[in-house]
Amino acid sequence: MDKVISSVDEAIADIPDGAVIAIPGFFTCGVPRALLQALIRKGTKNLTLACGCGPLLGAAEEMRALVKNRQVKKVIDSYALYRSATKGMQDPFEQAVRAGEIELEVYPMGTMAEKYRAAGAGIPAFYTPTGVGSVVEETVVTNIEANRAPKETRIINGRKYILEYALKPDYAFVHALIGDREGNLRYAKTARNFNHVMATAARVTIAEVENLVEIGELDGDDVHTPGVYVHRVVKVERPRFAITID
Amino acid sequence: MAKKLKGLSRELIALRVANELEDGTYVNLGIGIPTLISDWIAGRDIILQSEIGMLKTGPLATGDEVDQDLINASCQAVTALPGSCYFDIVESFAMIRGGHIDVAVMGALQINDRGDYAGWSNPARGLFVGNIGGSMDLCAGARKLFIAMEHTTREGEYKIVKKLTYPATAIGKVNKLFTDLAVIDITPQGMVLREVAPGLTPEDVQSVTEPRLIISPDVREMAL
Amino acid sequence: MAKKLKGLSRELIALRVANELEDGTYVNLGIGIPTLISDWIAGRDIILQSEIGMLKTGPLATGDEVDQDLINASCQAVTALPGSCYFDIVESFAMIRGGHIDVAVMGALQINDRGDYAGWSNPARGLFVGNIGGSMDLCAGARKLFIAMEHTTREGEYKIVKKLTYPATAIGKVNKLFTDLAVIDITPQGMVLREVAPGLTPEDVQSVTEPRLIISPDVREMAL
Amino acid sequence: MDKVISSVDEAIADIPDGAVIAIPGFFTCGVPRALLQALIRKGTKNLTLACGCGPLLGAAEEMRALVKNRQVKKVIDSYALYRSATKGMQDPFEQAVRAGEIELEVYPMGTMAEKYRAAGAGIPAFYTPTGVGSVVEETVVTNIEANRAPKETRIINGRKYILEYALKPDYAFVHALIGDREGNLRYAKTARNFNHVMATAARVTIAEVENLVEIGELDGDDVHTPGVYVHRVVKVERPRFAITID
């Protein structure tokens, strides 16, 4: 199978308005920046960006463009705001969240990871101890009051747990160090983060790879994401990140 | 009250926590003062886990060492050590939530004498949402939870309170508290004052602590 | 009834299934006749997943190729192909249960016209427990489920029945059935006979099939 | 940290009677045979062997010794019996199961994998579609009638799911191709199977490794099981398996 597409623009050409797109990356590390830039060029509207740990703080330029173009309806994340309240007040994304123009729904990071993992693995729901005793136990945590909804809890072996549900994106953008033509991927160090699990979770996974290799060049025991999860592969230049979110 | 006592620097709070960590353990350090602990344990037999998906995180990277594919959970470029390894976020939080991390050290905005603490959201920001990050998972899963923080706010207001006014990160999970002024155990009976900063008395510490402290019979000066 | 018609060999049943599989798909083959399918798709653009934790499973290994660390889910030594990869069992069943496998082909002891089938346990063995293996996960997760089996038992008893008497593996999951005598679609209306083995009539097939077959208007000889 | 123990016998010396031990391996592949042999020498009784896919069919000699010595109280597995009923009738393990002397509790293989995964990841329970409509939905499937217990189901988004619980063994025996002194492990090909997940699930994980290497010899992106999950490492000879369970 040859899953290689010649450009990021072609790779995302079918994404419709209203799509839910998983965006991996942990702040500045492992963010699929070239695909995000293609999304800005395409101008797709009404997007839900399902993140894990602040990739849009890491790809701040792209996020500002997406907000400015009014492409984003909702962000799901564990860490989407600048740490500094002062900086946050000046951030167009936070301003849109404060104005209720963009919905921001937050979960603990491990719960985010597990929600994608569940979606990829055919598990519709699971119990987790994370967040018990906090507002996370009481409600879906979102800036849009109408969308807050109580969560279910359960005592198992004497401990309280929260029921959380799988989160299945329509698309995932992933960034890998190496990919082969059949979609087998390998990541670099901490740039792995949410890339693998989001590749498993989405209906359609699009991988941008810094190095495109022929089938068989990756050793079978060295593959991080088996090709079955990856539908399109596109070669990109290695992106450049300033390692800071402040 | 609005009173500010002179205590340890942030670096020395970090040193005091470092002295508490045992060799042969796996430790996760949160943002803020906890991050400073890594300087004090360099060379010791303690392995740092980073939520981003790394075990045996090395010191901060400088100059040519900087690799954008190698950062810690605070978004700082770090280095690897012999034996460092990487894994995906699901594995990282399996480690954390699954009870495989011996100690997590976190910062806090407020803590009470039942071991509840608040750290993820400052209501002054005026947002119902906020940055939870990995904090709640670490509270749920680490075998021991330490808090390292300034004893009071910059303005001298209580951070150790009877009742949290900030949104809780976790309830009843904190084992031990390290501040610039004191080391305090959280026990079923309440907060037990174990150590005070050089030059301070237990009464001094109580004066900037809202809940009643149980003074340990062998209360002593902080071991640095 | 106790009647046995002469139909295709097991190898030719496997060939018929192989012809049904589309290029560009990921397929899991169960024990028995399904295993034989791999011989017919060698060289085609079909990737086999094996529950044990392998993608792109190659042909059976012989002689020096045999590696005890490389077997398939039927405990046979296999070979790797360029692009083969390995993963742990949790990932393997995430693939299966999570809907990433296009087609699973399984053997069966019994099947009915609602797409229920029985395969994991033969009550004649007299045990409440049995070998479930990966069968129920494949039924739950594969996008399409094909059954490949002999049309009747060796003694000529119905295997295609109105009501399962063996313990069910899955309910309502089978899409298509391939036997030595016929190809049958399972539809919401019931079993639709699409193809018959060379030399047989639809009536022949009905005579060894307990539920009433809907004869497709374009029923034809099996495409081999 | 140096987790190396000098012999398999020393590595298992503290295992008490009544322990629940996870045994990975898929038939003849990746079974921790040297540790099983040590367990026979030690004579620990009343054991529960928590398996995944028939490692005791693969290590048949060891299983026969364990049964003969009456060391085993219970086996949990997805595939523990010989395929052939005739062969099963002559098998001491199956005979003991038929006599009710050993309990055999069975689950679908993916549910077994997920039960260990949940235990390792701090997830107490999860919903799965696997087994709906079968006896697996109705009850815990065991030869001991008194231990059968109904299972809970739930409809989520219109589909029925079974609630299954984490399974946390006291010990896990794992077999790896390479291990370093801090317990970082790497497996060979399909011998990975249940080894990683069982290492994460158990309270104490003991790894037998074919190759013991110094810290730093494994590349950080090539590690399959991070050392945090592994408590003891012991070097063993590469075992020999006849690849057959018939």
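Each chain gets a letter, A, B, C and D, in the order it is written, and its residues are counted from 1.
Here is the rule we use: contacts are C-beta pairs under 8 Å (C-beta built on N, C-alpha and C of every residue); 3 or more make two chains touch, one makes a residue touch a chain.
Fair warning: this is a prediction, and the values are worked out from it, not measured in the lab.
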item: Given chain B and chain D, the chains that contact each of them; value: A
item: Of all other chains, the one whose Cα centre sits farthest from chain D; value: B
item: Between chain C and chain D, centroid-to-centroid distance (C-alpha), Å; value: 28
item: Centre-of-Cα separation between chain C and chain B, whole angstrom; value: 56
item: Computed distance of Cα centres, chain D from chain A, in Å; value: 34
item: Contacts with two or more other chains, residues of chain A listed in rising order; value: 114, 117, 121-123, 128-129, 187-189, 192, 220-221, 224
item: Two or more partner chains touched - positions in chain B; value: 54, 80, 86-87, 90, 93, 96-97, 140-141
item: Contacting chain pairs - touch in the sense defined above; value: A-B, A-C, A-D, B-D, C-D
item: Chain A-touching residues of chain D, taken from the complex the two chains share; value: 114, 118, 121-129, 154, 156-157, 159, 161, 165, 186-189, 192, 220-222, 224
item: Contact footprint of chain D on chain C as seen in their complex; value: 31, 50-54, 66-73, 75-77, 80, 86-90, 92-93, 96-97, 116, 120, 122, 124-137, 139-141, 167-172
item: Residues of chain D that touch chain C when the two form their complex; value: 26-30, 52-54, 58, 78-81, 83, 85, 88, 97-98, 104-111, 113-114, 116-117, 128-136, 141-143, 145, 177, 187-197, 224, 240-241, 243-245
item: Residues of chain B defined as touching chain D within the complex; value: 24, 26, 45, 47, 49, 54-56, 80, 82-87, 90-91, 93-101, 140-141
item: Residues of chain D that touch chain B when the two form their complex; value: 1, 117, 119-123, 180, 182, 184, 200, 215-216, 218, 220-221, 223, 226-229
